[in-house]
Amino acid sequence: MTMKIGVYICECGPNISEKVDIDKVIDAVSSMSDVAVVDRYKLLCSSDGKKFLEEEIKKHGLTHLVVSACSPKQHEKTFMEVCENAGINPYLFQIVNIREQCAWITEDKDEATEKAIRLTKAAIRRVRYHAPLEKKEIECNTDVLVIGGGIAGIEASLQLVSANRKVYLVEKTQSIGGLLTNFEKTFPDMQPSSALINQKIQSLNNNENIKVFTDSEVEEVLGFFGNFEIKVKKKAEEEPIEFDVGAVVVATGSNIFDPKKTPQYGYGKFDNVINSLEFEKMNLSGKISLKNGKIPKSVAIIHCVGRNEKKYCSEICCMYSLKFVRYLTNKIPDVKVSNFYSDLCLPGKSYQKFYEQTKGNTDFVRSMDVKITEKDGKLNIEYKDETGKKSDLSVDMVILSSAIEPTSDASKLAEIIGMSQGDGGFFAEEHEKLGPVSTSTEGVYVVGSSQDPKSISETMVQSEAAAGEILSSLVPGKKIEPEVKVSHISESLCTGCKTCLSVCSYGVITFNEEKKISVVNEAICRGCGNCAAACPSGAATIKHFTFDQIYQELMEAVK
Amino acid sequence: MKKDEEFNPKILAFLCNWCSYAGADIAGTSRLQYPPAILPIRVMCSSRVDPLFILRAYLGGADGVLVAGCHPGDCHYQEGNYYTRRRFMMLKKVVEEVGLEPNRFRLSWVSASEGQKYAKVATEFTGKIKEVGKNPAINEIFL
Amino acid sequence: MSKVEGTPITKGAIISTKLNTNESIIEFLKKAMDKKVFDAVLVPVRVPAGDSFAYVLIEDKSLLKDAAPLSPIMSVQGAKAISGMTKLGKGNMKIGAVMRPCEIRATVELTKINQTNLENITLISMDCPGVMPISDFLKDPEKSMKIYEDAVKRSDDKIMRPVCQICDKSSMVSGDLHIGTLGAKKGTFFIVSNSQKGNEVMNKLGIELKDNVDDWRNKVQDVFEEKHKKREKSHKDLKAKTTGLDNLINTFSKCINCHNCMKVCPICYCRLCYFDSDKVKHTSEDYLDQAERKGSIRFLPDTLLFHMGRMMHMSLSCVSCGSCEDACPMSIPVAQIFSMVADETQDLFDYVSGRSLDEPIPLVGYKEDELHEMEDAK
Amino acid sequence: MTKALKINKNIEQGILEFLKLLLKNGKVKGVFTLKKINDEGSIAYSLITEPEELNNAVPFYPLMPVNAGKLLSRFTLKGSTKEPVVAVVKPCELRGFVELIKREQGSLENLFIISSTCGGVYPTNMAVDGTIEKNLSKYWDAVKKAEIPAEIRPACKGCVEFIPYTADITVDLIGKKDIDKQFTMLLNTKKGEELAEVIKGEFLEKDLDKETLDKFRDKRKAEEKKLFEKIDSEMKGISGLVDIFGKCIGCHGCMRVCPICYCKLCEFESPDSEYSPSSYESEVKKRGGVRVPQGVLYYQLGRLTHVGISCVGCGACDDVCPVDIPLATIFKKVGESVQKMFNYIPGKDVDEPLPLVTFEKEEFSEVEK
């Protein structure tokens, strides 16, 4: 079949027609080989314009279409639909941007026209080398796996089930609720946390759309967005439970830093040096006491325990330390509380207020090189003050405000799911701004403190964000369309050097050990083309941005 | 060989779809003026730009080649532009070492909002190319 | 034993000129371009550094000043130029290509396997005095130019490629037009036409074809006869030296597997040569096993397989141009050996590579009544 | 200080005896080394399993018919050798092999590598007429005196990487006046020590003689400088490059013999590098004329971008070029400067990633200039 290229130039009202001599463009490209028709139209993106194009394609039996108009970001899709309606493959089309990057950047009409001609010619030469691409549609499963039964996982699950999605919630301990169940109150509102968490657990239990696995761990996650195959292993059970989901939410939360790694605080050595979680539990039990049962008369709270080791600020320690001051002063009216800190982290509208309301009940000692020893039954805190002057304070009890760190099994999970870990070993989001809850694996989301130290409120926001993304991208009955402009590696040309593998940010290229060649999983390839540029032998290429297509375009442009 | 006519350079600009191409669009929509010598070629990610494309463009007669992508850390594909940067530096070094003009090649980071920067880069680079002069490869028949 | 190929052509014209052969051919091309017979021409042109000649497709006539149809060397075999330009289809330009007879013969062979498209190309050859080995030329390009010129004047072939010295097809016409200098009176040369296309060109140029090229034809006949004798003798001597397993192994023992001979061969057209492909890559066990059987093997072991395999693949189309020998960094007489083998294999099917587009490549056809001498290992 | 083994024998017999013992004691199944393969004195790399066959072996012969790195890659391409094999190779061949391993084109597993401080090799075409044979005594005299032998490959004249990086055993040659009577092998690795068990000799703690080798390196540097300055004076602009590469006949021998080139089908022989008639025609219209086939400069510069980062400067490309283009000098010069940019030494460490498949977030901040 012979090639018949139709070239249409949009006047875009005055936008283009006043800056570009369209007739000159028409003259210049008409003589190019395989060009069947060249014409102009006042506004191609209008419904009349689209109709006009559609009829033209049919009338002239065009095989390829070039439209010189606005930015592809504006109307590439529009004209691709026109192609489809007219019965030619939408990828046998090229849009030329003669508005944003041509008509609008110069007052000199001749120059603009010259550029418009070059770009249009380049597109015509490129489109000759276009190949039809078939849109793939994949059935998708709209169920969701949520890993972690803390507040983050619970909130995400609630959002999903309330939209009638089926959710599998996997929790590795014997009950859901997570860290919150250890807290009496939450900052800064000082409301009982039981109220918050229990009511959420309640509404989960009452929902038939949710399946909760406690004492369970995720063993295997295979497949891709819309079609994940999951294996969950329940403790004490032989066979793993298998089910399919369309998306995965990782909400495995965090641990606190083990103060044993900072011996200067004497944790584990002295009875009355305890970490923040131990104190939460003690407080929840209703009685704050020393090992010997006595009530502490003086308590020191040491901030930033593990910060230097971790090399990041855990964001919430200052706030929960202030909360501890409230616990203490409520339960032991005459107690003397001292906070040893280096910097205070009090972002946002409510935190500062909480600090103001609390600071009256405690001393704040800005200190460094804090060291704890025991002196005749009491704990002695040696430190340097702001001026560097050595000083010390004797107290009954020391609470260590430990840093927040990823759970010990984070890397194992990262392995299983194929997620990357970022700074400090927390799970890495796809992009701090553009993709704050998605990950490099499409359909896998990360929320809460498994991604970064977080307050409860921030965690809720993320959980709801992830749920929102899932609800909008995985709709029952709607098929998902994976990217079609994806990488392809020629089996016969691939030399198996794994260069493409090393540069792929998404791990969608695997190595066939038996054939010793690289293979792309086209269903999840994002189509950046990095592998194509890296491959020395041209075995890897990227559909719709092939070597030929780009070469032809650039050679015509510089002609 | 063909006679040189008055010199208005042809500069190829490989623009990544998500940042730099959008940035170039913004430059247009805000009617910033810059030389039309710049001929954009859209790629999804700057990491698609095979150094051989740049070489072909140069030998094919391009007076300059600009590669523009998202700022480091902001790549729509996470890390693509870090590889782009290495490949580009490598190519530029090769060009320099074989006695060609490395300043015909430029890499820039232009975000989707940086219309200003794009116009600035385009103007500066075109000026630079005018100094460097016409690409002698265009008249070479024994390539 | 192979026969002498005469030339059947009787029609042609005598052109008088004051120019030498090179200049006359260039004049002819210019004229053809002026008359729009050709939009562009393909001829060897001396590179700026002066140390080589490259085929250049020329539209701007001023570039013809450095053209040298009779260049002293064959840097790239012309058939490679034609296929490089047209293997993906025919162009729109009408092109006149001036090449040596062996280059046109190779072009004909490539055309039979669809590696060229000659629709818009007119092939023009000339009586070929041979070319120098590139390495000799490079010793001192300027001097070599003189040496070659004199040698051509004295029709002395000692400085030419070994296979040129024994070429008995140096005036074989298988293109469209041919410029004949053999047997021409001083100040004249012949143009003969060998095809409809050729006739049309002559017609457009207003040159009338007559039956007056006998002097050329007879002289060609003599040259062929003489060269043919030389050829058979040298093949005989070569046979003694290089055939038989030991001789073969020794001859190729210096091969460093660069495959230059394959890469520059006008007949080798595969994108990926069989002998560069996975099919010749083995496991370490295989190699060790081979070694154990003999106690020691040369590594890589398959050198002889490569060269003999290549004979199988291309000797039926080999035109004895000598490019392989020029490209061999180890001075192995590849071309001489291959031309020897080629004569034999082509004889089997009384086939002459590149003689005519109408002769199919022997191995893609058969005759029912042939090759009986092969039966029962006589 | 490294473990070393001093053997009181002439280097040639000594090393052959060592290799024979390795075969006899079953330490290895095969020996990969240079060997005289016929009476005409042709020398080729060989895989030897029979001790007697080693009589004709010439492990340190100053010739590199093919870069052994490429051959070892071929040997282990389809999986590491199951049986142990010892290979005697030159430092740049070993580096080439290591670069290929980084590209999944070979494996060191079950391979024992013996190398030496290397005096350089002669151009392969000198092997054709037996010139090397005549030069041998001159060559070894020079090596013993830690001088640069005359007439060796230009690449070797200017090679400063004459000490192997990852060999299990390094034979100390350069500047060793008495190698006719005794020689030392440095046992760099456990594998090396394991091999050394088979032969009698005196064990000692020893390193290469730094002072001698530094002096030698300076001589090499001086030579390299000369070569680079000469080529720099020629590589001036596009026309300078055309003058240098204009005579290229497109045999691509440089690519085929290059220890770094490993593609099944070279980009420059693939459809990507085939031009349609229309692109020829548009080039002609643009320039008035165009070389056919086009792409000589594109091929050479393109190859520089592909292999420059890993070029080990072995000089194989120089030898194979039928039209004497000083490829090795050009590739070495460009290669070294690219490598310097990533402070990368090809073949130094098998675990160091190739610069172009990795990156630092903070680097080349000057790039936008």
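The chains carry the letters A, B, C and D, assigned in the order they are written, with residues numbered from 1 in each.
Definition applied: a residue touches a chain if its C-beta (ideal position, glycine included) is under 8 Å from a C-beta of that chain, and two chains touch if they have at least 3 such contacts.
This structure is a prediction, so every number in the text was calculated from the model and none was measured.
**Q** Write down the pair of chains with the top C-beta contact pair count.
**A** Per chain pair, the contact count peaks at C-D.
**Q** If I average the CA coordinates per chain, which chain comes out farthest from chain A?
**A** Checked the centroid distances; the maximum from chain A is C.
**Q** Between chain B and chain C, what is the separation of their C-alpha centroids in Å?
**A** A distance of 45 Å separates the two centres.
**Q** With chain centres taken as the means of their Cα atoms, state the distance from chain B to chain D in Å.
**A** 37
**Q** Averaged over CA atoms, how far is the centre of chain A from the centre of chain B? Could you give it in whole Å?
**A** 31
**Q** Let me have the rounded angstrom distance from the C-alpha centre of chain A over to the C-alpha centre of chain D, please.
**A** Spacing between the chain centres: roughly 47 Å.
**Q** Which residues belonging to chain A are in contact with no fewer than two other chains?
**A** 33, 503, 534, 547, 551, 555, 559
**Q** Residues of chain B touching 2+ other chains?
**A** 1-2, 51, 56, 61, 79, 83, 87, 141-142, in rising order.
**Q** Among the residues of chain C, pick out those that touch two or more other chains and give their numbers.
**A** Within chain C, residues 47-48, 54, 56, 60, 63, 92 contact more than one other chain.
**Q** Chain contact graph: line, ring, star, complete or other?
**A** Graph shape here is other: it fits none of the named patterns.
**Q** Of all possible chain pairs, which ones touch?
**A** A-B, A-D, B-C, B-D, C-D
**Q** So in the complex, which bits of chain D are touching chain B?
**A** 232, 235-242, 246, 267, 286-291, 294-298, 301-302, 304-305, 308-309, 330, 333-334, 337-338, 341-342, 355-356, 359-361, 363-364, 367-368
**Q** Contact residues on chain B for chain D in the complex?
**A** Interface residues on the chain B side: 1-2, 51-52, 55-56, 59, 61, 72-73, 79, 82-83, 85-91, 93-95, 97-101, 106-109, 136-143.
**Q** Hey, which residues of chain A end up touching chain B in the complex?
**A** It comes out as residues 71-73, 97, 99-108, 111-112, 114-115, 118-119, 122, 430-431, 433-434, 440, 485, 503, 505-506, 526-530, 532-534, 542, 545, 547, 550-551, 553-555, 557-559.
**Q** So in the complex, the part of chain C that touches chain B is made up of which residues?
**A** Result: residues 47-48, 54, 56, 60, 63 of chain C touch chain B.
**Q** Tell me, which parts of chain D touch chain A in their complex?
**A** 78, 103-105, 262-267, 270, 272, 278-279, 282, 286, 306, 353-354, 356-358
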